[in-house]
Amino acid sequence: MIRFECDYAEGCHPKILDALVRTNFEQTEGYGMDPHSLKAEELIKTACHNEDARVYFVVGGTQANKIVIAQVLRPHQGVVCVDSGHIAVHEAGAIEATGHKCLTIPQKNGKLDFADLKSYLENYWADPNHEHMVQPGMVYISTPTEVGTIYSKDELTQISKICREYDIPLFVDGARLGYGFGSKENDLTLKDLSDLADVFYIGGTKVGALLGEAIVFTKPNGLDRDFRSVIKQNVGLLAKGRLIGIQFEELFTDNLYFDISKKAVDQANRIKNAFKEKGFEMWIDSPTNQQFPILTREAIQKLRQNFSFMTWPDTGEPKMITRFCTSWATSDEDVDKLLGHIREL
Amino acid sequence: MIRFECDYAEGCHPKILDALVRTNFEQTEGYGMDPHSLKAEELIKTACHNEDARVYFVVGGTQANKIVIAQVLRPHQGVVCVDSGHIAVHEAGAIEATGHKCLTIPQKNGKLDFADLKSYLENYWADPNHEHMVQPGMVYISTPTEVGTIYSKDELTQISKICREYDIPLFVDGARLGYGFGSKENDLTLKDLSDLADVFYIGGTKVGALLGEAIVFTKPNGLDRDFRSVIKQNVGLLAKGRLIGIQFEELFTDNLYFDISKKAVDQANRIKNAFKEKGFEMWIDSPTNQQFPILTREAIQKLRQNFSFMTWPDTGEPKMITRFCTSWATSDEDVDKLLGHIREL
Amino acid sequence: MIRFECDYAEGCHPKILDALVRTNFEQTEGYGMDPHSLKAEELIKTACHNEDARVYFVVGGTQANKIVIAQVLRPHQGVVCVDSGHIAVHEAGAIEATGHKCLTIPQKNGKLDFADLKSYLENYWADPNHEHMVQPGMVYISTPTEVGTIYSKDELTQISKICREYDIPLFVDGARLGYGFGSKENDLTLKDLSDLADVFYIGGTKVGALLGEAIVFTKPNGLDRDFRSVIKQNVGLLAKGRLIGIQFEELFTDNLYFDISKKAVDQANRIKNAFKEKGFEMWIDSPTNQQFPILTREAIQKLRQNFSFMTWPDTGEPKMITRFCTSWATSDEDVDKLLGHIREL
Amino acid sequence: MIRFECDYAEGCHPKILDALVRTNFEQTEGYGMDPHSLKAEELIKTACHNEDARVYFVVGGTQANKIVIAQVLRPHQGVVCVDSGHIAVHEAGAIEATGHKCLTIPQKNGKLDFADLKSYLENYWADPNHEHMVQPGMVYISTPTEVGTIYSKDELTQISKICREYDIPLFVDGARLGYGFGSKENDLTLKDLSDLADVFYIGGTKVGALLGEAIVFTKPNGLDRDFRSVIKQNVGLLAKGRLIGIQFEELFTDNLYFDISKKAVDQANRIKNAFKEKGFEMWIDSPTNQQFPILTREAIQKLRQNFSFMTWPDTGEPKMITRFCTSWATSDEDVDKLLGHIREL
């Protein structure tokens, strides 16, 4: 059984394992103050072309989301996001557990539409009862989104602009950021992200690391004040912080993060094309490592004999939406095998 | 200027004022352990035909909502409600501040549809990732709703049934409960509510009292365990609790609560009919004390010279939705004056 | 049975009742935007000699404490207070429910000692692990304290100074503030409080009102930004806000608040002196409306036949600490009766 | 520079690294449902001689503490612990951020005294105002404690008994559990812990792992109901959960966890004895891997040239408390070097 069901089915990139073995008996300070974490911060700042950036490492994506939101909002404020956003749906109420509401706007193609955001903010402030409503205190988007789509530089620029008009921070969840950069449609750079967002994170867990996300505060404006205490309070401060530092050191050396991401997206495109060539439609036109072919029950049954992948809940329709993921760990051989089986459907 | 903009523009029913004057120098225990509060509890239990009921008094509706929800839910659970629900929209995030998410379902006529609730609960438990999603831990509805509609006994019975199937409590917000009972369409009694809901409250603030809501736990099942501490923690325990006890004592003596409610609804119906007779449509067909005529700008401008009422945000359309409220304090004279002006439109 | 057990056993001052009756059918805006609340704010600002002050009304003391603390602190911060502080002991965890720790310092005579506070703050910042500890983000004191003692102007000035050195707000709980001002030992004015504290409140519940506390933000520095939303979220915004406004309007007209307080303290002194004349010691030397005679079991038993008062838990000692409270409502006749019985002990 | 400052300065035990390398490209389910996590659960249940136990893995000790406490308490309840407890002092308010108070009792030798606990619980329930006070809802202890002391089986039995009398769960923080079991004074087994505690955890981070703690619910009584959702909400659910599973699989194979712990404690004893032989006193008589010699400034200065270790804040006294930690990673050579320098002091 070959797994295409998610992008976190294996351990980590071999270069990271090598580094862990190599450094294992080094004695370092704890809680992220070790030389590897400090070096990784420098590498990321350089990759962002932003010497003012501040980088913090946490264990996972839900942690990054919860902790950044807890850091940024005042008690009566909420975070604006699309209704399909990870924080709104799949974090078991982690955001609400910090006391904050997810203020949802219907997604379009998985994304937050600039005009929808604008009118949401206008309506809030125009409402004579807005004191009785949760105040929008920041904006959260993901790129790639839950459905694999990405924001263009133009789209991000528009959203950033409206956030600045309303003086609320823009936070970008980059749990799969590498796979966005690896897309042929991408026109965004880390520098752009660093310019346009107030805080974002670079996902490691799904892009080559055992665990770890690098949170980047982009401006020297105090938004990250006392952030380490907020990380600690929200249980994201790793005693052996070096474990994340070492991993990002490797990922941001010799372009590794970007290379492994690009390869995964290329493999996803091969899978997409194979399905399309067999006449299957895609649920959504994803340019990244997640693909969503709409398959017949028969096709699903056949593929399931050798491959695992996600299917949407059965609604009785003759065809069902499925999801196939590649990752930094996907081998060409496994993709070849899948392609072989697709062609035989 | 005569106010029809809300149902809390005046003080309280004169009988209550009399009672406050009469009892002012009585010395009593604090925090709701006084004889008036105990007597009021008995009166309400009798009105509910439920000797097992437990009654607690708090200051306002948002308090009642927040405190009951905090009492009932475990940390990973949320409260199911319609998207127009008071807790979801107009409580400044009071529910989220207790750590809980409002799990919203689109409203139909201001109400929660039984079938929608059923499918929501089914889908949650059928989702293989439901552990990562907020668990529906209780259901919240209001009757009358935000838009003045009410649940029939049949509708409430259906919702109650599905709640019991899923073993989650049903909570009914009755901030305007009297005005529901005062409606000609009403077929629900306090006894029904006490049978079908696990916890509900009887609103005083909008129905004759200076402040105060009576929360009724209907079953001797421990759902109210240590509830007074949860009230205290959520700042709803009034030092001079007698202030609420005395008011409910009056309201539940000689049918006062029901009589003043019925009168207010009758007045609202007169206003509704006057608007309809002049050819204005109603935004929603409300059988209670809130009426929502859709008026021309010209009509609004004219009426505004003598009356205050709410208007929906101006969307540029030629007509606008408005709201006229009556209450226990609305005088026949004021209604007559309004009717006179409506007829002249 | 005459009650000396607390200072909230009766209703409210007759002038307030008169005002409630007089204004009952006035139609006003809700949520504290009515003319009475606005007038009361002006009266309080004048009494504080502080035109920059911002005044907000909430229902009770625990509300005032919870809401101000929620407003002021960032998530990783706590509130410094004495271990006997109301927020640390008797609010059922209301502060922790907002996510914040009470950072306690041992009380001295019920009060926070300046030098203890200084060394607490120094030690926190000197600790190399302070990032892992809750950051002191504000200071809370009460005057009068839980045991009736009061801060002198000098003491308050010292505490204020250290708070400003560390750039953290000073919050003064004045649930019994009137009884402090009514003390012969008092050398503090509302103006001093307004100068030295960043936020404080003037208690109404225990000093003549049915309910209500007036929170005063003393500086135009934005500390109260969006405070009404935080009040709403923490369920302290009263729909019929006029109820509190009218009461403070009366209390701050013709010196009523101060006169009724002074009288209560004078009565408490009579009680104190009567006990002392009979040779009973005081547990603490309280100059305000609470007195703490240490009585024999026999004396307690005798007095209990006609009077209610608090006793500390029975530790088996021959004598027990008791508490006798006077209030704005205490009549000279009741004090005379008590004095008669004390003399006969 | 050789580090004796903490027990998390290195990576992980080589056997764990080997296992990570060996399993790296296995494809597994995420979020702890992989075969390694399931196998590790079985190994731990066997080690506890408790087939009813349920085991959950989280990343770190603060996570384990926060999540278990959030799971167990109702909103108005707090957790009883000693004033030096990790949750009360060094978790940046993580517990309070879940809404719960740490109810502290003065420590004795770092431990919770049975009689103190008993009287705390008695006093709470005897207090007529206990509804206004945070209800003790569970008891938290650590073994070894923050100062290296351990609970005997007798002591734990007494505490367990009083917890059961009051029907509140006993939670044991075992972040350094191995070092307790490795002590010569220890008379406690995993089976005892499993019998006497309701929930405890076995620390991996400080005892050989890169990260990871194994939380054990010991009774089939539903205390762990929906615990995975509470873990997710509190950001402790690792996407690549196998990372922790693999580590505990190794630690609980061939007695590894116990052997490496015992060795570390033996090394700590060598250090303790060396200091004592030179006439230095110990601040506390710790039988585990942390030792607290009281050293002269001169001794500190000399040792600092080659070794890092913690010192307590300088109070101006001629001698200072220090802490020397060993761990699973401490080499005999490093201990020999330290002993050499101690002997030369």
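When the chains are written out, they are named A, B, C and D in that same order, and each has its own residue count from 1.
One rule holds for everything that comes next: a contact is a pair of C-beta atoms (placed from the backbone, for glycine too) under 8 Å apart; a residue touches a chain by one contact, two chains touch by 3 or more.
Not measured: the values here are computed from a predicted model.
Enquirer: With centres defined as the mean of C-alpha atoms, identify the chain lying farthest from chain C.
Expert: A
Enquirer: Which pair, B-C or C-D, has more C-beta contacts?
Expert: Answer by contact count: B-C.
Enquirer: What whole-number Å value describes the gap between the mean CA coordinates of chain A and chain B?
Expert: 42
Enquirer: Could you please state the distance in Å, as a whole number, between where the Cα atoms of chain B are centred and where those of chain D are centred?
Expert: It comes to 50 Å between the two C-alpha centres.
Enquirer: Please compute the C-alpha centroid of chain B, do the same for chain C, then give the distance between them in whole Å.
Expert: Comparing mean C-alpha positions, chain C is 33 Å from chain B.
Enquirer: How many angstrom lie between the centres of chain C and chain D, each centre taken as the mean Cα position?
Expert: The computed centroid separation for chain C versus chain D comes out at 42 Å.
Enquirer: Where does chain D touch two or more other chains at once, residue-wise?
Expert: Counting only residues that touch two or more other chains, chain D contributes 75-76, 91-93, 97-99, 131-132, 229-230, 232-233.
Enquirer: Can you list the chain D residues touching chain A in their complex?
Expert: 1-3, 6, 8-12, 14, 17, 20-21, 23-30, 59-63, 66-67, 91-94, 97-98, 205-206, 210-211, 229-230, 232-240, 242-243, 329
Enquirer: Provide the residue numbers of chain D that touch chain C in the complex, in ascending order.
Expert: Contacts found on chain D: 75-76, 78, 89-93, 96-102, 123, 126-127, 129, 131-134, 313.
Enquirer: Given the complex with chain A, which residues does chain C contribute to the contact?
Expert: 70-71, 74-76, 98-99, 131-132, 135, 225-226, 228-230, 232-233
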